[in-house]
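Listed below are the structures to be examined.
Okay, so chain A shows up in both of these, paired with chain B first and chain C after.
And now, the complex of A and B:
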């Protein structure tokens, strides 16, 4: 038993090393003075300064933030309504609608990308930041719905019934009872949708037109033109941003308890 | 939502039965040639490679993820959250960044080669990047958290007294795992395998960046047909077959008494 436990412990540590070492190495070498070598040649912040002055990169960051903000807003409104609406359906039909709602999550992302591309071309909508935003919204609605629905199922339905008994209209009951109780889940979903939109590459890749470069598209084209310390520096910053967003969502969850 | 999801999918289905226009557009004449094209040995090799790589990824993730998930579930409660968070953080990190990390490590002038040469293990750098092996590493790295979470949920619910009973009855370590732990955590194992298999099968970024020009997977093939060859009908036929395959896998999961939302949340 004891030998088994030691073996388990070391296997887990090896797993964590496997997960973290590549990212750690990446960040470490973003401070490396040498442009070409993978050996340490002294520390520098030069690559970060290069990034801050890159106008195309800043424009891409701006695009990404706009797309993430708008698509998160839309996905949240649609996702929350979907989750609430779903809860009111009779069990038999609910299962079907639920399956349809969650389908985008289980098909390969490439498939959603090409489907949207074809769709926009067929209805003759030029590819732009608008089409990217629609793509991200479609991708994020089921995610918001799943998170909100999980919370909704744990809600005490008697609270809403009590509100209705006390003379509240259904809208008042939703607005003053259900919605406040759902807030932590909604905030969690917002942060998740925002992060996913900010990071999304595949759907963006297919739905973006000329001039609608987002941050991941820019990162991709940088990577495609070869390994460079600037990408390491950019990666380090992206890792930091992700961590900050998770930290934020954890704080929100913590307050719930 | 319906407009922007189901109508596009229906268009893909419709286009997959149409023919390619002269200028790369779509000509609306019904044909099955695109599906006949799928049997082309050239494409067949790509499906074969994709399925093999996705299966290998799933198996490796299971092999790596099981001990991790099991020891997280056995850790003291307050440590479990921290362990899970540690597993989740890489998952929240940009996928491009995580893939790039492996390019940085595996390329000819990369860290691995530099390290091995400096240690005197070898004298010449070897080509590690742009191979099926590099893709496999990238996929396992990318999707390991998808395996760990459902496995954790399953092992966490496992009744320890059953495992202890098996030990008391003089079962060997191997048979405790094989005859007690594994059957009891089967739903988690299946959920994890599906969650890893599906994105691995349709992977695009990993084979694109870590694989060479000759190591395409289905995801790249679809992108290639759409954006490079501009043969939309063929691209549609390929992506629809891919989706059919994926839905089959999901339905197999339903058959084993699973629920879709549980699969998605991993718990």
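And now, the complex of A and C:
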């Protein structure tokens, strides 16, 4: 091995440690028998069992799953439509609309949260799971659109022309040709949107009302009274589920036809 | 009108500021193999897309079997296009690709199966029903694209450079096969190509197109033997040219002289029928009709001019010579390689170029 390669490997290793060491410590301490987080006193599954019996926590999990499912569904319908629609616009107008569409991705998330809060207050909609879901949808539409559009741009436009030529209506051409070819991208986008919604704290923080606590909000409120092993266990589970979903999303997107 | 399949009336199409199709009018007869031949950028593909309905003409009208196609979307036209890139649906099997058009027209399952099988038999792919397009060779994909169009029994099949992506040998096989299939099904084919040999081999009639206009329409023989313009002449392989003027006119021939080359006597050329009024003409000759020899061979050929060999290219099947006749005239000659006993010439050698009256064409200016 030459010098350059040794350097490259060390740098990659340092990078991975930097990213994953804190998470590894978190997961390790979720099995710690001691109530105090800092010292190791042997392994246990106790904290995981405590979690499953915590009613407030289960309610938060339920909220999170409902919000993630509904906002992902809405964002997928809107995002796919947006991507397909954008593709048909002439180049000039497309850049304008695309820029506007991607805005929620580039502005700081805090701004988006504040803006949503102000908007809901202005139109006098009480904060609830509904407003949280709307907030997550706003955040997820551009993500779905970007993923689907990347795939759409690689599709040969002649395939749609061929379908029309063979007697398909524009809708049939979309359903029989475009949609099946977009499916891997759409599944990837769904998993990505679901994960981001499940993990989101900032937008949720601004748009949640009484009784609409999601899992990340619950974790935050538990931390206020000190980092307990239950939180470690909960976080470990969240991290693993999110990683699995993201991994699956990337895997599906990589599939080609 | 009954035997007219497709009629284009005064079509005009702009792409931005450029005129892609320029007042184009054509009549394609029912059941014929019609080719549109022209260099790339001539407006051929645009014309095909106008007939297919993927683009709208800025002016003019398209009639298919006497019915105006104005405002008829592609899916309702009795026309099927074989795309240059084939555009096979990558997520469907060969069978489903071919069945697509019939499904869209809600053909019953049993009839659909038998028609798809018959179409795949015709293109010799009966053993590949369940393959995906990505598992086929280029030639096989081309056949699927053809079957996918034919299975619908359209009034017209449009082919966009159908053999463009195939290698030389496959191309020649497919030319004959495509023509045989067309004769078998009796459907009108309109084929766009920039390959003159392809157009001449396959077609009943050929339209030569350039800069969005049709320059000449006729049988392959008419276009090949009697081009009516220099562009057409060059495009179908008449690449040697010489300007001159007529000195005497006979029944089927005339004699011309040219100030550009030193000739001993005026050249004898077959003349077009009708009165010859113009005096200045352009003589065009095919490189493969010229003979190169050491003497003038007065008994065998009508014409002989002296030249010097400038370049020799050996391609295997033929010898190609670049010959200088004078300071301003450079011609090409292509002689089939007839074996070791054939006379070979070297660069710098003085030779005679010989040909007969009907090896060339004259165009009046």
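What we mean here is this: the second predicted complex is superposed on the first by the 246 of 257 C-alpha atoms of A that agree within 3 Å, B and C clash if a C-alpha of one lies under 4 Å from a C-alpha of the other, contacts with A are read in each partner's own complex, and residues count from 1 in each chain.
The rule we apply is simple: a contact is a pair of C-beta atoms (placed from the backbone, for glycine too) under 8 Å apart; a residue touches a chain by one contact, two chains touch by 3 or more.
This structure is a prediction, so every number in the text was calculated from the model and none was measured.
Touch criterion met: A:156 reaches chain C, while chain B stays clear of it.
When both complexes are overlaid on chain A, the residue A:52 reaches neither chain B nor chain C. Contacts of A:89 after superposition: neither chain B nor chain C is touched. Once the two complexes are laid over each other on the shared chain, residue contacts for A:17 go to neither chain B nor chain C.
Touch counts on chain A: comparing chain C and chain B, the chain ahead is B.
When the two complexes are overlaid on their common chain A, residue A:179 makes contact with neither chain B nor chain C.
In the superposition on chain A, A:166 makes contact with chain C only, while chain B stays out of contact range.
Chain A uses no single residue to touch chain B in one structure and chain C in the other. Those residues of chain A that touch chain C in the shared complex are 156, 158-159, 161-169, 172, 176-177, 180-181, 257.
Within the complex, the chain B residues that touch chain A are 1, 4-9, 11-12, 15, 64-65, 67-68, 70-72, 74, 83, 85-90, 92-105, 107, 109-111, 113-114, 118, 141, 144-145, 167, 173, 198-199, 201-202, 204-205, 209, 219, 222-223, 226-227, 232, 235-236, 239, 242-243, 246-247, 250, 260-261, 263-265.
Across the interface of their complex, chain A is touched by residues 52-54, 73-76, 79-81, 83, 85, 87-91, 100-101, 104-105, 148, 152 of chain C.
Residue ranges on chain A touching chain B, taken from their complex, read 1, 4, 7-9, 11-12, 15-16, 18-20, 22-23, 25-26, 29, 36-39, 78, 82, 98-112, 114-119, 122, 134, 137-138, 141, 146, 149-150, 195, 199, 201-202, 205-206, 216, 219-220, 223-224, 227, 231-232, 235, 238-239, 242-243, 245-246, 250.
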